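Note that the chains are named A, B, C and D in the order they appear, and that numbering of residues resets to 1 at the start of each chain.
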Amino acid sequence: MAHETAVVSNGAATLRSRLYQQLDPEARSSGLSTLNKFIISAIVFSVAAAILSTEPTLTRGYEAYWTALDAIILVLFIIEYVARIWICVENPRWAPGPKGRLRYATAWPALIDLAVLLPMLLFAVGSEAYLLRLARLMRILQLARLGRLSNSITVIITALQQRSMELLLSLGVAVLVVIFSSTCLYMLEADLQPEAFGSIPRALWWSVITLTTVGYGDIYPHTPLGKAFAAMTAVSGVALVAMPAGILAAAFSDVLAEQRRRKDKNDH
Amino acid sequence: MAHETAVVSNGAATLRSRLYQQLDPEARSSGLSTLNKFIISAIVFSVAAAILSTEPTLTRGYEAYWTALDAIILVLFIIEYVARIWICVENPRWAPGPKGRLRYATAWPALIDLAVLLPMLLFAVGSEAYLLRLARLMRILQLARLGRLSNSITVIITALQQRSMELLLSLGVAVLVVIFSSTCLYMLEADLQPEAFGSIPRALWWSVITLTTVGYGDIYPHTPLGKAFAAMTAVSGVALVAMPAGILAAAFSDVLAEQRRRKDKNDH
Amino acid sequence: MAHETAVVSNGAATLRSRLYQQLDPEARSSGLSTLNKFIISAIVFSVAAAILSTEPTLTRGYEAYWTALDAIILVLFIIEYVARIWICVENPRWAPGPKGRLRYATAWPALIDLAVLLPMLLFAVGSEAYLLRLARLMRILQLARLGRLSNSITVIITALQQRSMELLLSLGVAVLVVIFSSTCLYMLEADLQPEAFGSIPRALWWSVITLTTVGYGDIYPHTPLGKAFAAMTAVSGVALVAMPAGILAAAFSDVLAEQRRRKDKNDH
Amino acid sequence: MAHETAVVSNGAATLRSRLYQQLDPEARSSGLSTLNKFIISAIVFSVAAAILSTEPTLTRGYEAYWTALDAIILVLFIIEYVARIWICVENPRWAPGPKGRLRYATAWPALIDLAVLLPMLLFAVGSEAYLLRLARLMRILQLARLGRLSNSITVIITALQQRSMELLLSLGVAVLVVIFSSTCLYMLEADLQPEAFGSIPRALWWSVITLTTVGYGDIYPHTPLGKAFAAMTAVSGVALVAMPAGILAAAFSDVLAEQRRRKDKNDH
């Protein structure tokens, strides 16, 4: 009997180990397992369904189908969640035993999974339409999990981190220019267009939309002096677009040169 | 008689070889033959005619001239098509004989030519105006053939290929930002502007137009909170314009430096 | 008695020296003292209050609270101003004694402080609402003091200075394009849209908003020829955005490479 | 008598030589003479006057003053033109004697001067207002002379020339994208918005304004499929802005690195 249990437990351990190889991206040095490729497809499908479910012309009359789809997606991700809790002790990063499981379950990747699953479990069956819709939208959070699965994002992250100080400073300069131009336009056009420039917080909307060169055109100055200041703001906007582009270009060059230097060293 | 045929066939072979030198850009190490320059001009002229033929103020009353022009262009490109089928066996890339001709005819450059010629042959004479117009527009596909004729596009293609992973990732980040900002605006403005923000797919239009800093101004948020999120989207848009610019700058620097290094090596 | 005075004066000198360590950023080789961090927070808070105080929906009925806030901010910055005058003689940059104090008080940082404080002192109590509002807005000038406190801005400033000639030239080219396109649109659309293109100075507004790719859409050409020139202006706009981005990218690469070279030399 | 003429002629030769030093920028290795600084100011002033003279609110009732100003500017530039014709033989670039003068007068800088002066001479006095206005606008051409006077423009020109092939190719890709997106929108929205998308040439306006991310918002697609294609066009627009920025960044880095290398060689 004891022998039989050990065999069963051995079989379970082997299954857990094999599932770990398939489920945890850290178990493989590179590439993605077939199971993880399927999970990524499921996430993309689930998010696309959540987005499309907000469109009334697609859901009206088909509520039953959408609810069924929700149920399938829910069951799928519950299985994945439980499976990850089960196999996490195989990963040396988490301590073995219940303590490791607790540490895994309270780390942010598992918490995101829970934040997606809990609202669907609570509101999916028989509750109000508004809450159901909100529960569906929580699924969009799963997109954050896609980032974990890619190794190539390192170049971008390294470049952004190395130059974060310069990028923050150009953001700071942008904030100063936004405040300055809002103040100018408030002083020049507050009486003429009280709805748009009646206070500095109101003028901020125009200022940001101009400085980013979006330019909706819902608000623009009418006086010649206001137009002169707006033109200067637009020109500053070009400079403030060029600055992060320049900083990032230098940063990417740097990261790539560093990568090549390291590779050359390894080759010799 | 047999002797005469051989002479004729010899003469034909010489003509085919000379035409091959003129017609196939791969027959020359660099530059373009006079005939290919003429064909490029014919393509540009044919595409321009197709574009202008859609303008009613230019065609009304002159339908006969446009039909004549179509016929001339059609005959010209049929001659070119047949000539290329005839000479393709001179190019060692295709096997000699009928088999090589078949392989050439089913490769994509010849298929594009066919996709341009067939609709014109089928619908040009006496069919409905709509089909004729569509047949004309197929000629725009010929622009794809211009790319084959240039050698200088290599620097751009190499730079794009080497950094394709980073460029795809910044596109991926852009997709995430688009989905996130659409969801926010949908939650904040769906009741106020159901036509524009009534569902996430509808809000996507606003989101893409803002994030690319195009900013038509047909749709924009009206609530203060919606404006705050829109302003953040616009600022993210600047970052997402700066990122590919930076990646491409580093990539072009890289390709040019590589070219110079190789050239220096050859000089020594 | 004389002895007692000396002790008091000694105690005052020690206090002054310790306050100098806390108040003057030049007294420390790097980082910010607790007091300066508090002053920066006070500046940010004071500017935010000045911005929000222009919004009528936030101030109507709460005038007493805003006046009290103004008074607190005013007292705080007066104390800071007096303290800085008192301790400035500790800094070797200014000559010791009254002469050093005068030199400090007439340098631009102290003059900005005065420009912020004087209007608030003059108009804060019992004067007209318009002047009070203007006095509040002067506080926004204090943002200029934030720049002095950061050492990381050097990379950006150095890059801008080294390439200032090229950046000015691309600004010059932009001015030429703006004048040229305004003149073209004035000649083509003056009769059709006299309000927008009736003179070159009027056309400048459209020209700048198009060239910076802001594109409000309040003004655009209506004739085909006008549209053709506007399209060329828009394409030039892209080139004129790309040029400073390229110049800055090269400049930042340069500054960073120079920094690394210098660091490498120090390491050996 | 002959002796006296020689003396006079000698004096004239000396005067001519001294004027040459002042007037011709090529006579000095670097920097600008006082006279040339004055001429540049006169050109800027003359162009500014031409621009402002188109604004009716500034000229109505002051026509006499503007005519007087025109006369002064005209006389000034006639004197400059004659002086340059007189001194040009001092410059070794032009052959001495009448033949050199003819070659100078038919080179493009002198032809621009003539193109500015002739219309003002012909139409300035007593002719129609329209022609007079046109004659004034010709003065804007003088801005082209400013470029000749700067030596720092070399970095920008060299960078543009070295990468002209890549820049032209990205312009070519932009043209292909413009034609492709115009064709798509024409096929999707021609029936719905015949004024805006009724033919491909009409759709070009929308296409260029979207691809350059200007986005006036006067025209935009209304159908979901049209919006999907427009969104793709906007995203391509970002790529086509990023491409020349990247190319120019690499080119500027190249030119600056080349300059430093040459300088280092000279120092050793």
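We adopt the following convention: a residue touches a chain if its C-beta (ideal position, glycine included) is under 8 Å from a C-beta of that chain, and two chains touch if they have at least 3 such contacts.
Given the structure is predicted, the values throughout are model-derived calculations rather than measurements.
The pair from B-D, A-D or B-C that reproduces the interface of A-B, where over half of the contact pairs by residue number are the same, turns out to be B-D. For the interfaces A-C and B-C, the C-beta contact count is higher for A-C.
One rotation lays the C-alpha atoms of chain B on chain D, and its angle is 90 degrees to the nearest 5. Interface residue usage between chain C and chain D, two copies of one sequence, is largely distinct: under half of the residue numbers at the contact are used by both copies.
Averaged C-alpha coordinates give centres for chain A and chain C that are 33 Å from one another. Look at where the CA atoms of chain B average out and do the same for chain C: the two points lie 47 Å apart.
In chain C, the residues that touch at least two other chains are 213-217, 241-242, 245-247, 249-250, 253.
By the touch rule above, chain A contacts chain D in their complex via residues 213-217, 242, 245-246, 249, 253.
Listing the residues of chain D that touch chain B in their complex gives 165-166, 169-170, 172, 176, 179-180, 182-183, 186-187, 198-202, 210, 213-217, 220, 227, 230-231, 234-235, 237-239, 241-243, 245-247, 249-250, 253-254. On the side of chain B, the complex with chain D involves touching residues 47, 51-52, 54-56, 137, 140, 143, 146, 150, 152-153, 155-156, 159, 174, 204-205, 208-209, 212-218, 240-241, 244-253, 256.
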